[in-house]
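Below you'll find the structures, each written out as structure tokens.
What follows is chain A paired twice: with chain B in the first complex and chain C in the second.
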Partner chain A sequence: MPIASHRIDDRLVHGQVVVGWGQPLDVAFLAVVDDALAGSPWEQELYRLAAPPELEMRFVTVDDAAAQYGAWAADARVGIVLTADVETMARLASRVAAIRRVTVGGLHAGPGRAERLRYVFLDAADAARLEALAARGVDVVAQDLPAARPMPLAEWGRVPA
Partner chain B sequence: MPARAVLAGHGDVARGLVSAVEAIAGRGATFVPLSNSGLGGDALLAALRDAVEAHGVRVVFTDLPAGSATLAARRLQRERPDLSVVAGANLAVLLEFAIRDDASPAESAEKGRAAIVAWPGAGG
Partner chain C sequence: MWRRTFVVQGAWSYDVMIGPGLAYAIEPALRLLPGGPGGDAYRAALARQSQYFNCHPYFSAMAVGALARLALDQAPSAMITRFRGALCGPLGSVGDRLVWAAWLPACALLGLLFWGLGAGATGAVLAFVLSYNMGHVALRAWGLSEGWRRGQQVASALAAPWLRDGPAVIGRVAAVLAGLALPLVTGRLLSGDWVLAGAVLVAAVPAGYVISRLGGRVPGWAAAAGVLSLLSLVALLA
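This part shows the complex of A and B:
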């Protein structure tokens, strides 16, 4: 089954993902792609204990994600791929041609980040990375919850002149 | 009345629950409400740390076990092992903690768990 969502969310595994998306889509596994997290058993356990036991979580590096993506997509169950930042998703998408849509679900305020949507704040580097993804033919949208309209990058992603 | 705990959660749930504790028991000041709205993981951890330190509390209640507030609280607990975290708090948990000054977070959690009752209708 194709991966249901490739989501960029700086909170990674949290209520919107586990409940907001997880329950209506009947998500069975989350693939969290994060080089640092993949090497931190304590942080992984933190996320595992917070989520329902039936929700399988995999914590992998970008390299491992690229190698395992085919198996994830072939899984009969519903899965979501998560990254905490644009850079990681861009690296993954550059190696996995099957990623045709990327969803920005939450990038919150921080130094140098300007508000584009209530839940999307971008700095120039991330805006450029998203533009580059779109230029390669990836459909880049913003959507925090399933009931919200997926908003095309052109509506919110432009770097102000 | 000094605050004894931070109550952190999604949207306005913390303020709403504190309002309910105040309305029922006059002890809303027991809790410092904190919303995760607009905060990324690092910012939420910083806000929670600030609230805990500013009020000198050693207990954090959160609304949803899988929520970002719970994750922030567990991270803070790693920095401060004296901190207690209760996830999935409901109004019964908070009332027990607020009314009984000697109630431990674990005892309050048990009270809240026991307060959840379902009476299924004809359809199940």
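This part shows the complex of A and C:
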């Protein structure tokens, strides 16, 4: 079954993902792609607490995700791929041609970041990465919850003049 | 710090959520850093803790305790930042499941049951307010204590069986309360018109079937609370 969502969310595993997306889509596994997190057992332990025990969680590097993506997509169960930042998702998408849509679910305020939507704050580098993804034919949208309208990058991605 | 956790949402905003509130709650501990209040370490720590942070407000007390502990242990700032980020998900998710999805509706149903049993409006409201606040005040105290005691190891506290199984147990209690409250409140709202009350209860049978077909997407207690609210509105309008 194709991966239900390739989501960029700096909170990674939290209520919107587990309940908001997980329940209506009947998600069975989350693949969290993060090089640092993949080697940090104490952080993994914390993130596992954010999900119910029946939801399988995998913490992998970008290299491992690229290698395992085919198996995830072939899994009969529904899965979601998560990254905490645009750069990681861009690296993964550059190696996995099957990623045709990327959803920005939450990038919050930080130094140098400007508000594009209430739940999307971008700096210039991330905006450029998203533009580059879109230029390669990836459908980049912003959508925090399934009931919300997926907003195309053109509506929120450009730096205001 | 415990008292300050009650106003952790006081400076809430979309961009940083409860980050400033978290910093305010931790601030008394940061005064103990080398250099004291106004020193470089104090300023850097306060700025770090004011950044974006979001979790369940009651469970933020656990973050306050753990982050205060790490700050005073002078853990590396990069590690504190990663730890802080990793806390958002579990403290939000555990809190949402335990409080918003279980404890809050259970207490509301308790209030309704009191009213159905003949209590006045004040009695019903008091039953809700007192039971609900006992839970959330105790949670804040427990969270702050465990966070401070365990520091970076708070995961072990969050994995406690009562937190893992609590939502399911409270959900079952809420279902019982809903089952008791439904006929009692219906009867009182319909002012002894037991024919109409019977019709309502009979109508609840197909409604229950519909709920059971929803595959758990709408919890039974939530549907029962919705039905009771609807009946209350009808009674007010009648």
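Annotations
Convention: the second predicted complex is superposed on the first by the 160 of 161 C-alpha atoms of A that agree within 3 Å, B and C clash if a C-alpha of one lies under 4 Å from a C-alpha of the other, contacts with A are read in each partner's own complex, and residues count from 1 in each chain.
The rule is simple: contacts are C-beta pairs under 8 Å (C-beta built on N, C-alpha and C of every residue); 3 or more make two chains touch, one makes a residue touch a chain.
Note that the structure is predicted; figures quoted are calculated from it, not measured.
Once chain A is used to superpose the two complexes, chain B occupies space that clashes with chain C.
Of the two partner chains placed by the overlay, only chain C lies in contact with A:A36; chain B stays clear of it.
For chain A, the partner touching the most residues, choosing from chain B and chain C, is C. Judged by the touch definition given at the top, the superposed model places A:A114 against neither chain B nor chain C. Judged by the touch definition given at the top, the superposed model places A:A98 against neither chain B nor chain C. Of the two partner chains placed by the overlay, neither chain B nor chain C lies in contact with A:A154.
By the document's definition of touching, of the two partners only chain C reaches A:Q23; chain B does not.
By the document's definition of touching, neither partner reaches A:A124: not chain B, not chain C.
Stretch 149-157 is the one among 113-121, 149-157 or 185-193 where chain C clashes with chain B after the superposition on chain A. Touching of chain A by both chain B and chain C, each in its own complex, is seen for residues 10-15, 18-19, 42, 46-47, 49-51, 84, 108-110, 118-119. Contact residues of chain C toward chain A in the complex are 14-17, 51-52, 54, 82-83, 85-90, 92-94, 96, 152-155, 158-159, 164, 217. Residue ranges of chain A in contact with chain C, taken from their complex: 10-15, 18-19, 23-24, 36, 40, 42-43, 45-47, 49-51, 53, 84, 108-110, 115, 118-119, 121. Those residues of chain B that touch chain A in the shared complex are 10, 38-44, 64-68, 70-71, 74-75, 78, 87. Chain A makes touch with chain B in their complex at residues 10-15, 18-19, 42, 46-47, 49-52, 84, 106-110, 118-119.
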